[in-house]
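Presented below are the structures under discussion, each in the form of structure tokens.
Each of the two complexes below includes chain A, the first together with chain B, the second together with chain C.
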Partner chain A sequence: MQIFLIQLLNGVQLSMLVFLLAVGLTLIFGLMNILNLAHGAFFTMGAYFGLVVANKTGSFWLALLIGPLLPFVAGMLLQFFVLQPLAQRGRSTHLDLALLTFGLLFATAGAVEYIYGSAFHSIGTPDLLKGRVALLGIEFPLYRLFIIAVGIAIAAALVLVIDRTLVGATLRAGVDNREMVTALGININVLFALVFGFGSALAGFAGIVSAPIMSIYSNMGIGIVVTTFVVVVVGGLGNLKGSFYAALIVGVTDTLAQAYLPEAELFAIYAMLIAVMIFRPQGLFGAAGRVA
Partner chain B sequence: MVVSFEGCTRIGLAVAIGIATLSNVTVYAQEKRAIKIGLMLPYKGVYALPTESIDRGFQLALEEFGNKANGHPVEIVRADDELTPNVGVQKFNKFVQSDKVDLVAGVVGSNVGIAISELADKNKMPMVFVNAFADEITGKFCSPYIARTSFSANAFEYASGKYWASKGIKTAVTMGPDYSAGRAFIGGFRRGFEDNGGKVIEELWTPFQKTKDYSAALTQAANSGAQIIYAFYAGAEAIQVVKQHADFGLRSKIPLIGDHWVYDEALWPALGDLALNAQHVATHYPGIQSEANEKFVKAYAARYKQTPDVSAELGYDNGKAIMLTLESLGGQMPEDRTKFISTMRDLTFDAPRGKIKFNAQNSALLEKVYVIEIVKGPDGTLQRKSLDEFPGAGDLPGCTKSF
Partner chain C sequence: MSTDFILTRDKRVGALKRLPVPALGRAYAALFGPFAVLLCALPFFASGYVVTLAVEVMIAGVFASGINLLTGYTGLVSLGQAMFLGFGGYGIAIGTALLGWPLWVSAPVTLVLVAVIAAAIGAICTRTRGVEFLLITLAFSQMFYGAAIKLRWTNGSDGMTGIPRPDLSLLGLNADNPTAFYYYVLSVAALALLMLWRIVTSPFGSVLVGIRENERRMTSMGYAVANYKIGSFALAAVTCAVAGILQSQYTYFVNPDAMSWQMSGEGVLMVIIGGANVILGPLVGAAVFVVVKQALSMITEEYNLFFGIFFMLVVAFFRGGVLGAISKLIGKRHERA
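== the complex of A and B ==
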């Protein structure tokens, strides 16, 4: 039983990492209807920029703070100068954008390999979080508890911003009725670019948060995209709270499958995805008409 | 007398042909026909780092012979198999059809190796594998056109299992990626460990190149009550496993023992102090005291400004075995190309890792396996210290052909 609870905790921790990635993706999809496969590229970009900062300053916290700026700017530029003009020319079906962003994902991995080589890197765990806590008869790493806390804090902050602030209201309005928002004098292109940048920054943030327990390398963003998409679809496209719950389901399923049914681990999540697509194509939490 | 114009040209032509023929002969005498080696390696992607080392070791071996075998220049044509069987097949066909190579060397992934072994047999093209450790390569898929200069998974891991069982380790949990090489390596360990009185309490398999978080498997291992975790991982996966193992405070509770890929030198910068005092088995380390090794380490350091890792040594062995074979064949590929491989099979030479001999299925044997501890040297850098050594095991049976 104790082991099971620890495994559950492991699952929650993985869920929070997945959530950080999924939430940016779901915001972008919900608001702009863009199938952004390049999300993994921003994950990689954030991790590498964080690595550069950490190596220069020796501080994990500065890396966490400054690292996401690069994916933020890159994401904003991508939306404003590439995706937006494409949309205006009517070249923004899901297939068009999937191909474009898929290419970007691999181009980024290639560029990173060209610049940094194919070596593996890592950011050290900050001293403050190096210890372990005795928990249910096992020593649980403090840093993993920190990841859980960060995930919950970001989820709460996003819910507050979107439900309670003017920016959030504008965002929700943009999702529901784009023309009306434009007619009210809001520059929707800038708003979209900001949201795209913010989503990308969250992906980069996830890259740095995961660095102390995982490793940084050129292809790190490619594998992660698939899991992230499963979360976004299960949670309902564009549904913020849905993606939080979906991340929990996916993370815990993945961890428990690895612990108790390793043979099933590879397909456990996908079996769930297929079931969701058949019975609730709008997502488990996709209440119609209420997105983002 | 009138010499016709026609006559002139005729004479001119004859002279021209004569000169051309003569010069041809002289060119032939000076510059013997070149031997072309197709070197197929996964230059990009997850195995890019070990591949670079293999390529360097391979080149170093050729340079030792002045890139010539009995006066015949030896050329390398490179191709990237992308660690993908169908790409490997495509590149192999290109080697045969358009590059017209005399033999193919390299190949890291066993998946690519298995796909290519049948092609080599069909095309009567000598294939000298550098890694491709899967037992089947020189077992079920054995061929008179195929040799391997490294060793088989069983030779390495069976011996390792036997060693740890003899060192008072009674129980172990294994961890490995769920694919052909992972199964082959961990399977070898299990046989060796259990044949000698040990018991594998649990085998934990993680999806290959998929799992990013090993906490679930590590928690299971920590609660299994076993004395050690024996792991086979490489690259990014190895870093994650070693780091997360330490995060959970398991280093003193249940040590993670592995081979030279888990604690590969290329991973040390990412592992930091976690590499310190780790124990692993290896087929080569730079400190081996033998003439062949000291010469190799020195030449490698002079050429590339770094100490060679395990992969560099394997690449060197591959190149050296090919060059020695070519030399003893007078620098020419024999008409019957099985003769190339059978000549290689009869070779015995002192490699940096120890003496290399081949078995009847053309697979090189492992003379020694070294037990290594990673320690801090006098200058503060990490170094390998040999704790012990033991002989490698034989290959698994499975080859039904005779040659």
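== the complex of A and C ==
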């Protein structure tokens, strides 16, 4: 029972990490109709930039703060100068853009390997979050609890921003009727670039948050991005709240499968996704339309 | 070849136009004849290295042609076709090594099984479209990739070795000889492409193109669109499995990497390079891809980096592909004349 509880918490912790990636992916898809297969690249980018900052300053917190800036800028530039112009030229449908980002994913992994080699790196756990806490009769690493807290906090903040603020209202309007938003004097291209950058920054943030418990290496983004795809499809593409619940389901399923059914480790979440696709092709939470 | 035509979208009316282009047909025929002769005579004058490259091109070309049926003609972009490449290789590996069947039993059984499995997978995948289709095909291939890594009786991530090449002793040939193997691959590839050509020029193929251009209209015309999509999915899968069989015979082994999603991406890339919805496009794309890959591997070890950049450039600036560019050129001249 205690082991089960630990595995369950590990699953929730993985869920929160994947959720941070899924947010960006699903926001970008919901708003711009772009499936950003390169989302994992920003995860890698953030982690490595965080590593550089951490090595320079010796501070995990500075890395956490500064690290996401690079993916933010890179994502913004990608959307504004590459994807948006291509989409507007009408030459590329959203499927072509998905393929373009597929190339970007591998190019980034290759570039990182070229610069940093294929060695594994890691950022040390900050002193403040070292150790374990007693919880419901088990000992659980404090840092993993921190990840869970961060995930929940960001989810809550996003719901507040999207449901209760002007920015959120503009975003929701942009999903429903792009022309109308433009007619109201909002520069939708800049808004799109900002959201793209924000989503990328969150992915990079996830990369740094995961650094103390998972390794940093050149292909780290390629592995996790597929799990993220499973989350956004199960949650319904473009559905923010759906991706939170879906992240929980996928993260816990994956962790429990690893613990109790190691044979099915690489298998379980895909089997689950396929089951979902058979019964609800629009995703488990996709019925109510896109939330964001 | 005067019946040759290209299907294009007329930009002015946005409708599907069936262009009878005798000039284009003649140009293809004029190119095709010498090309076929060249392929048949290649081992007589080219070096062993070139023959090996040609084998790789043809295998990749069959793989890409399978993807083209689904992506180019039916308009369903899949990032999971490598799973069928793997099925082909694993199919004959399991058949010959584990079950002890001869190759001439294993290969047909593999292809039939792939058709049945692909029909089932296709029935699920084709319930979605667009990027969702792309993601679910990716998920399926990742699932089988994961299974192939875990399965102990196929040696997990090490894969299976000792895959037999066909016994050509009746013809007085030994398939372990590169030249003999070249002709074996050439015949299989030619057969596969001929079959695909028959498919896309048949009424069935026209329905697939119709689905790509306007699915709703095809539905209202009374076509069972879902069944056609599943059919296209299964035929594409079988073609990819043929490529998988050839590939595993070429290298004498198969491992889970054959099913990786990078492999699927490479196939899609070949289709885009060559030009989707032209029957020989994937073969041209495969040739460009294999040669570029060879050249890259000579000058750099950072394959991923250049693969990614190459991929992005092709998608962004090279949409019609090589044959698309040629068609446009000939089409323009034809219009002027």
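As a convention for this text, the second predicted complex is superposed on the first by the 284 of 292 C-alpha atoms of A that agree within 3 Å, B and C clash if a C-alpha of one lies under 4 Å from a C-alpha of the other, contacts with A are read in each partner's own complex, and residues count from 1 in each chain.
In the analysis below, a contact is a pair of C-beta atoms (placed from the backbone, for glycine too) under 8 Å apart; a residue touches a chain by one contact, two chains touch by 3 or more.
Keep in mind that this is a model prediction, so the values were computed, not measured.
Peer 1: Examine A:Glu113 and indicate which partner it touches, taking first as chain B and second as chain C; both and neither are also allowed.
Peer 2: Once the two structures are laid over each other on A, A:Glu113 reaches both partners.
Peer 1: Tell me which partner A:Gly223 touches in the superposition: chain B (first), chain C (second), both or neither.
Peer 2: A:Gly223 sits against chain B, while chain C stays out of touch.
Peer 1: With the two complexes superposed on chain A, say which partner A:Leu266 touches: chain B (first), chain C (second), both, or neither.
Peer 2: A:Leu266 contacts both chain B and chain C.
Peer 1: Taking the superposition on A as described, I'd like to know which of chain B and chain C A:Leu77 touches: first, second, both or neither.
Peer 2: After superposing on A, A:Leu77 lies clear of both chain B and chain C.
Peer 1: Of the partners chain B and chain C, which touch A:Ile6 in the superposed model: first, second, both, neither?
Peer 2: A:Ile6: touches chain B, not chain C.
Peer 1: When the two structures are overlaid on chain A, which partner does A:Leu86 contact: first (chain B), second (chain C), both, or neither?
Peer 2: second
Peer 1: Looking at the overlay, does A:Ile213 come into contact with chain B only (first), chain C only (second), both, or neither?
Peer 2: first
Peer 1: Now for A:Leu194: first (chain B), second (chain C), both, or neither, which partner does it touch?
Peer 2: neither
Peer 1: In the superposed arrangement, which partner chain does A:Leu99 touch: chain B (first), chain C (second), both, or neither?
Peer 2: A:Leu99: touches chain C, not chain B.
Peer 1: Name the residues of chain A shared by its contacts with chain B and its contacts with chain C.
Peer 2: Comparing the two interfaces on chain A, one with chain B and one with chain C, the shared residues are 113, 263, 265-266.
Peer 1: Sort out for me which residues of chain B touch chain A in the complex.
Peer 2: So the residues of chain B touching chain A come out as 44-46, 48-49, 178, 204-207, 209-213, 215-217, 219-220, 222-223, 235-236, 239-240, 243-244, 247-249, 266-267, 269-272.
Peer 1: So in the complex, the part of chain A that touches chain B is made up of which residues?
Peer 2: The contact residues of chain A facing chain B are 3, 6-7, 10-11, 13-14, 17, 113, 117-122, 124-125, 132, 138-141, 143-144, 210, 212-217, 219-220, 223-224, 255-256, 258-259, 262-263, 265-266.
Peer 1: Applying the document's contact rule, which stretches of chain C touch chain A when the two form their complex?
Peer 2: Contacts found on chain C: 77, 79, 124-125, 127-128, 130-132, 134-136, 138-140, 142-143, 145-147, 149-150, 261-262, 265, 268, 272, 302-312, 314-316, 319.
Peer 1: Taking the complex as given, what residues does chain A use to touch chain C?
Peer 2: Residues 29, 35, 82, 86, 91-92, 94-96, 98-100, 102-111, 113-114, 226, 229-230, 232-233, 237, 263-267, 270-271, 273-274, 277-278, 281.
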